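Shared chain: subunit A. Partners: subunit B in the first complex, subunit C in the second.
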Partner chain A sequence: MGSVTATVAPPTDSNVTRWFRTFGAIVGSGFRRHATYRQAAVAGVVTNSVFGFLRYYIFVAAAGAAGRVAGYDRAQLATFVWVGQGLLAVVAIWGWTELADRIRTGEIAADLLRPIHPVTSYFATDLGRAGFASLSRLLPPVLIGLLFFDVYLPRRWATLPLFAFSVLLAVVVCFGCRYLVNATAYWLQDVRGPLILWTLCSGVLAGLYFPLGFLPGWLEAGLRYGTPFPSLLQIPLDVLVERDPAAVQFGLVGVQLGWAVALLALCRLVQRRAERRMVVQGG
Partner chain B sequence: MSVIEMRGLRKEFTVRIKAGRLRREKRTVTAVDGVDLRVERGEMLGYIGPNGAGKSTTLKMLTGVLMPSAGEARVCGLRPVAERTRLALRIGVVFGQRSQLWWDLPLRDSFELLRHVYHVPAGEHAARLARCRSLLDLDEFLDTPVRQLSLGQRMRGELTAALLHGPEVLFLDEPTIGLDVVSKQAVRGFLAELGRAGDTTLVLTTHDLADIERLCRRLVVIDHGRVVHDGSIAALHSRYGSRRMVVAELDTALPEPPALPGAPLQRVEADGHRLVFVLESATVAEVVAGLAGLAALRDIAIVEPDIEEVVARLYRAPAEVGEQVWVTE
Partner chain C sequence: MAEPGTLTDPGRSAVASGPVWPSGADRRPPGLAAYRALLGAQARSQAAYRASFVVDLVGNVGATVFDVVTVLVLFGVTRELGGFTLRETLVIVGLSSFAFATADLLVGNIERLPRYVRTGLFDAVLVRPLAALPQLLLMDLPLRKVSRAVFGLAVLVVALASAGIQWTPGRVALAVVAPLAAVVFFGSVFVTTATVSFYWIDSGELANSVTYGGRDFTSYPVTVYGSWFRALFAYGMGFAFVSYHPALALLGRADPLGLPGWVGWAAPGVAVVAAAIATLAWRVGIRHYRSTGS
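The block that comes next holds the complex of A and B.
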């Protein structure tokens, strides 16, 4: 049998442009796929808003007569809650089992038959989804906050761009976590267990149920640097409400960046391991 | 150089079987058991076998989504698993029971996205799409989201999606499963057209043997993971003794079964008014002449051998029809 040595084209400009064009096209398709379900988006906004009121009043009660708790005043708590309610859908902590379902049914084969790495392709789709959610799910709760409450508006010029970058990183970190949870389906088939664990941990440890500042300092620090969860919500929101000095703000985003890179690398590693032992289900 | 080569290709799965309340026993199941095969450029190969014979497993190994346990495979000169993404640019795959289209997107958007994923120049993409649109009648549902398409429409979409990047090899895993007669004809007609052009190699697995008869000159039958036949359909018929038959309708039944040299009587139907002979060495003319001397003939029909019959016999008793047999012409 004649062997053929296939050569890899060196990374030229056109290769890089081509890659970005493909990536952009998949991002766009992710946006359009989610834009199809507009009524679901409206239902989501209503739910997020109702829970927004609930959370705000609980946090304010925790702040008590002094009006301050764990480094937040009332206005900062309002921003924390209402922007947080909007970010929930952008980051998409809950409800993504597409990869696990496709592994379980064998549909994953179609993903593997494309000339693009599955992690890259799912990641691009998720960015598109997050883009649509930023328009449809983030703005309404923020508007409600602005209309009905005395919210905290950032005072440092760098805060808003840093917040935007921090949200992007939160999306990346959350994607990485969800991909890994879903990827357990390669080994387990049934991901309900890991999914419940993830839902529980992400809600509590991301700062959704209460800001992590409510916890003792050593525990908060441990969670912040030792786990990816605070990078999902707590850090972007802390950056926005300027709870810490500017240098700490940048430091926190740096922590997020570290988690984002590490998790994407881990996703690729896990995917490679999975493919070595994979059984594509079904005939 | 062959476009597809398999040497001793083998896949074993470990399954756990309940062997008591808590105990599970490990058992190894061999799905593909040392397949050697070469497919040349432009060939249209029918790859058939009963359920669980190892057809889909072979296809999964050739497309790089499943790691072989032993042996090796080359497709377009590439190692499927190790060079999967590069291979993906050169092959197209259609799974009858799976979809490669995006569920929420209209067909048109799926095709546009595939253009970017496969880096196809806009002009080439437009030309191929235009051809598929006319041959497969896509226009009426091009803007419908995939989730709303009927199975027949979706399958036409799947075929288009698999061909838009101009693959050298097209793998089709039961592409006509569940389709109605009209859609089946559309799919077969399209594949026949593709085969006539001669630059795409086609590997087709199916349970519908009409697909094979219509499309493939070469037929590989696999059972229990081993190749039990490799050759033309005619070779299969001659090897397993399938013959043409003559069905004679008589005005009056004969008192005793007639004995015609070279054409044994296979069965008697309709109270002796219909006789079925198997053509062994006799010709149709000889049978007709022999019968005309015995009774008044009302009608004569010649029945071509039925491939389903042969294959059914092959599936039922592969050992009886021979161990690992290669029939080449």
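The block that comes next holds the complex of A and C.
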């Protein structure tokens, strides 16, 4: 990563290369930062697994003797639950208040002085975090699911790459939502209200507590197109268990892509508006 | 503040043996006035920011509401869950959510113990001339969670009223005692799991698997779970006595798994055992505690 100071000669490579190098360096540091909390990762995996068992048994009970509910059979429910428990940590729905804390304390001023846009730098850090989580938090529940249950394995060749892309988009969408929730601190100082609202809605509307297919069709469709929540978990999982035909799979990822682009753009817009009116407290 | 009862640490195990208290000036038992002062200060400080407090009250009830909504949604796609109808399941849900929410209000704050240990605040707690556990609970009693407990109680009352229970004096007594026993049980679980952080500081989420996991487990009939998982949670850890067996006894249903009917009446006994284990775990843990040295 290059730096521009009085003593270092200005770099000769192109701006784009440098931008990518900076971005990559921040992603790497995000990965390393989270890789230091290994005990917490183990504890998290145990917790996700307990909830995996709970949710699997409850959903299968809802499927009843027929073994099918809302377009999922037992194997698909197993995949849905166990990959979902892993994805939960990859997209990291809960617990991120770093930006809000920095805004409240005024430390955000240091971020604004950096030669990289705050949305970009926080996004890069979050990608690094998600990268570590997909190794430490996604793989173990998936393995447990494979060991203990008869899980559904994708049958179409396009599903796995599409799922990987869908997970990446879910990370982007989730980051965008969390950034916006945190950014309300520019106006409110205390983000508890927006944060509680986000915590409540994201869990239930993302498809964590129950697959959204359990809801009436019009409500599911409304949530999918009208809110970003299903893009966090439900859509990647539906893509993976091949609940819909191939064309619909691509369509679902298209919906995610739309939300990802819109949310990142909104983050930048909100950041710009906030910087115009911001007064850093505490001098 | 409800009496923490058997969960109270007698203070002997803490550094603060033989509290030094202004003698003569106050004839009340040492500590009580201090606890009341702690609670009063908490109540005032939390209510000071009214808008935030209202947001917190509403937000907290939301979590419990969604637990109940989840059950309703599941019954939207099925008529029976593990052989139980919606009305029967709601009795189980009511017992579970009332007990969990109330225990969470009174004792749930102990889940901050890992942070207190890590930051060294726990040292400050130990050198004060008061028992450690009540101090920790009162230092940050989350009054916002009152809304959740009230909602849980409402669910329980509605469920009991609509389940078509044939009331006998015994069942009325059980309907009163079982939720209280379940509160004690969940409180004991909170304390026991929190003591893990005396040995393993980064254990925060691990405790969740038993506390919040227990809440979810007790929200459904245990018949839905697979055999060894059920054996572990329901009988190994005793969660079946929070809601499932008391609900069977109240509804007058035989246990599909074959346990005799009187098991539902054993809930208070199980709660007492759980409280004893929690007390023991707390005392052993606090003796083991070594400051992080920060």
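Observations
The definition used in the following text is that the second predicted complex is superposed on the first by the 270 of 283 C-alpha atoms of A that agree within 3 Å, B and C clash if a C-alpha of one lies under 4 Å from a C-alpha of the other, contacts with A are read in each partner's own complex, and residues count from 1 in each chain.
Please note the rule applied: a residue touches a chain if its C-beta (ideal position, glycine included) is under 8 Å from a C-beta of that chain, and two chains touch if they have at least 3 such contacts.
All figures in this text were calculated on a predicted structure; none of them were measured in a lab.
Clash-free side-by-side placement of subunit B and subunit C is the outcome of superposition onto subunit A. Looking at the shared chain after the overlay, A:Ala110 reaches subunit B, while subunit C stays out of its contact range. Contacts of A:Arg276 after superposition on the shared chain: subunit B is touched, whereas subunit C is not. With both structures placed on the common chain, the touch criterion links A:Arg68 to neither subunit B nor subunit C. Legend: residue contacts after superposition of the two complexes on their common chain; A:Phe53 is shown touching subunit C, with no touch to subunit B.
In the superposition on chain A, A:Leu215 makes contact with subunit C only, not with subunit B. Contacts of A:Ile26 after superposition on the shared chain: subunit B is touched, whereas subunit C is not.
The angle formed at subunit A by the C-alpha centres of subunit B and subunit C is 90 degrees to the nearest 10. When the two structures are aligned on the shared chain, A:Arg156 is found in touch with neither subunit B nor subunit C. Of all C-alpha pairs linking subunit B and subunit C after the chain A fit, the shortest spans 10 Å.
In the superposition on chain A, the residues of subunit A touched by subunit B in one structure and by subunit C in the other are 37. In the complex of the two chains, the subunit C residues touching subunit A come out as 49, 52, 55-56, 59-60, 62-63, 66, 69-70, 73-74, 76-78, 80-82, 200-206, 208-210, 213, 216-217, 220, 224-226, 229.
Subunit B contributes residues 1, 5, 7, 13, 51-52, 56, 60, 63-67, 74, 77-78, 81, 83-86, 88-89, 91, 93, 95, 97-100, 102, 104-105, 109, 112-113, 116-119, 145 to its touches with subunit A in the complex.
The residues of subunit A lying in touch with subunit B in their complex are 1-4, 6, 18, 21-22, 24-26, 29, 32-34, 36-37, 106-107, 109-110, 112-117, 121, 275-280, 282-283. On the subunit A side of its complex with subunit C, the touching residues are 37, 39-40, 43-44, 46-47, 49-51, 53-54, 57-58, 60-64, 69-70, 190, 192-193, 196-197, 199-200, 203-204, 209-210, 214-216.
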